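Down below are the structures I want you to see.
Both of the next two complexes hold chain A, though its partner changes from chain B to chain C.
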Partner chain A sequence: MTAGIDLGHPQAQAIRSDEDVVRVRQLVRAVAVAVKLSLVDQTKVVTAASELARNTLVYGGGGTVEVTTVDNGRRRGVQIVFVDSGPGIADLDLAFTDGYTTGGGLGLGLSGARRLVDEFQIETSAETGTRITVTKWSR
Partner chain B sequence: MALSAEESGRLAALLGGHAEQVTQRWTEIVAGSLRGRLSQAELRRQVQDLHSAIVTTSKQGVIDLSAENAAELRAALSELSRGRARQGFSATETAISIFALKEVLAGLAEEAGGATALRDYVAFSNLVDELGLFTFESFVRTRESLIADQAEQLLELSTPVVKLWEGVVAVPLVGTLDSARAQVVMERLLQTLVDTGSPYAIIDITGVPAVDTQVAQHILKTVVAARLMGADCIISGIRPQIAQTIVALGIEFGDIATKATLADALRHVLRLNGVETARRQPRRDV
Partner chain C sequence: MERVPILKIGDILLVSIQLDMSDQTAVALQEDLAERIVATGCHGVIIDITALDIVDSFVGRMLSTIASISKVLDAETVVVGMRPAVAITLVELGLSLNGIRTALNVERGMELIAAARADELDYQLDDDPDAETATP
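Now for the complex of A and B:
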């Protein structure tokens, strides 16, 4: 898996099942290793990707993920974009409250994922679904 | 892409009339592509089966692979691809066994000549394509069922509950902890607790690459279930990067004892039981 990563192009992966969540984790880990993130940061970004991929699957009804390497001149990083065309998130503030869940989880996935990465952007609406972009920079 | 009755009749005549020549040439082509990984006799038998299935079906008139009367032909094709998939041949090598018939037919059509030869060849060729695609699909289906079997075997393999000490059992978790595996782990652990009457269980997550909220939730549920049965759980194998991730995520393990290594967890349990584990001092020569 790691050997075949072409860093020049974004790596896309569909999220349709639990197995795809595992694939997303492996893909993100491979890219994180390739941009030389520390072991702690690798684990953090992989865990954040796992949370968001599962949200995409469970709440967004499936979607896609795109993993790219980014470079701001000084540092390299991993950028992951999750897109679904689900019902969107009605109340963002509530969704980011620790312990709040509409499913059966711990209610920490979304808020926890935001704490695990360096940059976190979310666009959501009932019409177009949800798009989350996260970035983790190497130190 | 079905063959009309007349075309089928001509195909039956073409293949049936030159049976020996067809199977001979067909076997040669396929044998060439498989490079001796299948015995000549077995290959010949497979080709003869296919040949007779095609001839029988085409004698009955219209060949339509999805029709009732093509059942025998479908069975022969499925049989071939199942065998190939299980023996580890590639999809291409499997499909070539069918597509080789095109080359045979081309040779025959050339010999026969006549006004309809070209049009017939195109129609036959389309039929062979259809047969090839069918083989392909059966091949993929077989492979998928193989993979599903293996996944199930893996599920069985990867969740042993081991006895570490009198009254102490441990579950070394390895790999991804999805819902299905978490369920298996919980069942195994609870059953082992009953069977051995152990008051302590250690869940070791050294082999889990990422602990996200779902994994944490599965572990927490297992711990609560074990507690309900009167057993105490200790979670071990929490590496530095996992610890930092758990903190950032905001997961709380509450009053569940956690340790960095399995050895620490075992020592912790033994101490609770009043067993002293003294480190032996190296003897010094005076």
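Now for the complex of A and C:
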């Protein structure tokens, strides 16, 4: 399954449909396996990616994802960047509140995804859309 | 779009999810199951998620919704085969799977449904005034 993954380069995937969300999960899984994340950590990062990819599709109107391996000298990890040019998130504090949703979901996507990864950065504005970067390190 | 097959075994509908479901496939499963419960009159639904390597909030919500729908249609739902890593992740994600019964495997799921059904039948008998007078 990891045979086709070139770890030297970022892997990009468009997010325009339901099926693309499935592809994002598979891509993140392959990279997480390649950098030797534990099974639990693989599961966490794939779940976080699934939530964020769905957000990109539903709230951002679609976008792209880029999956890269990272290395800080001691540990390897997987870094995932989600980019959309949607309307941005007006109130970040509110968006990170468990149970808050504007889309009819459970309101766990953003807050839950943040709990499942080691690093989480978000830049959002009404002009440029939303860019979320998450990293999960091997232990 | 792919569809998840639903098998009927006696009084139970068995769904074994073997593919990485798109959100549309998950919603279709919800609707297909509701129709099959009514069409077959089955009183139990077992959803086997052994093959699922993640359960995110969308699939979690689908499982809760299926449990609620089948309850309204007089059927008990049991989710079986959750992987340990999936359980750990679900809890951290903040998903509580309210109202969902779980069992470790299909066999125990069937026992759970049989027991729940027996309890319910007992309860209905207790409610029956004729049954009441029959006991000394």
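One rule holds for everything that comes next: the second predicted complex is superposed on the first by the 138 of 139 C-alpha atoms of A that agree within 3 Å, B and C clash if a C-alpha of one lies under 4 Å from a C-alpha of the other, contacts with A are read in each partner's own complex, and residues count from 1 in each chain.
By our rule, contacts are C-beta pairs under 8 Å (C-beta built on N, C-alpha and C of every residue); 3 or more make two chains touch, one makes a residue touch a chain.
Just so you know, these numbers come straight off a predicted model, no measurement behind them.
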With both structures lined up on chain A, is it a clash or a fit for chain B and chain C? clash
With the two structures laid over each other on chain A, which partner does A:Gly112 touch: chain B (first), chain C (second), both, or neither? both
Touching A:Pro87, do we find chain B (first), chain C (second), both, or neither? neither
One more residue to check, A:Gly62. First (chain B), second (chain C), both or neither? neither
State whether A:Glu51 touches chain B only (first), chain C only (second), both chains, or neither. both
With both complexes superposed on chain A, which partner does A:Pro10 reach: first (chain B), second (chain C), both or neither? neither
Which of chain B and chain C A:Thr43 touches, first, second, both or neither: both
Chain B region in steric overlap with chain C, selected from 57-65, 111-119 or 237-245: 237-245
Which residues of chain A are in contact with chain B in one complex and with chain C in the other? 18, 22, 25, 29, 39-40, 42-44, 46-47, 50-51, 54, 98, 105-106, 108-109, 111-113, 115-116
In the complex with chain A, residue positions of chain C that touch it: 20-25, 53-58, 60-61, 83-86, 88-89, 92-95
Which residues, counting only chain A, touch chain B once they are in their complex? 18, 22, 25, 29, 39-40, 42-44, 46-47, 50-51, 54, 98, 105-106, 108-109, 111-113, 115-116
Which residues of chain A touch chain C once you look at their complex with the stated criterion? 18-19, 21-22, 25-26, 29, 39-40, 42-44, 46-47, 50-51, 54, 98, 105-106, 108-109, 111-113, 115-116
Per the touch rule, the chain B residues reaching chain A in their complex are 176, 178-179, 209-214, 216-217, 240-242, 244-245, 248-251
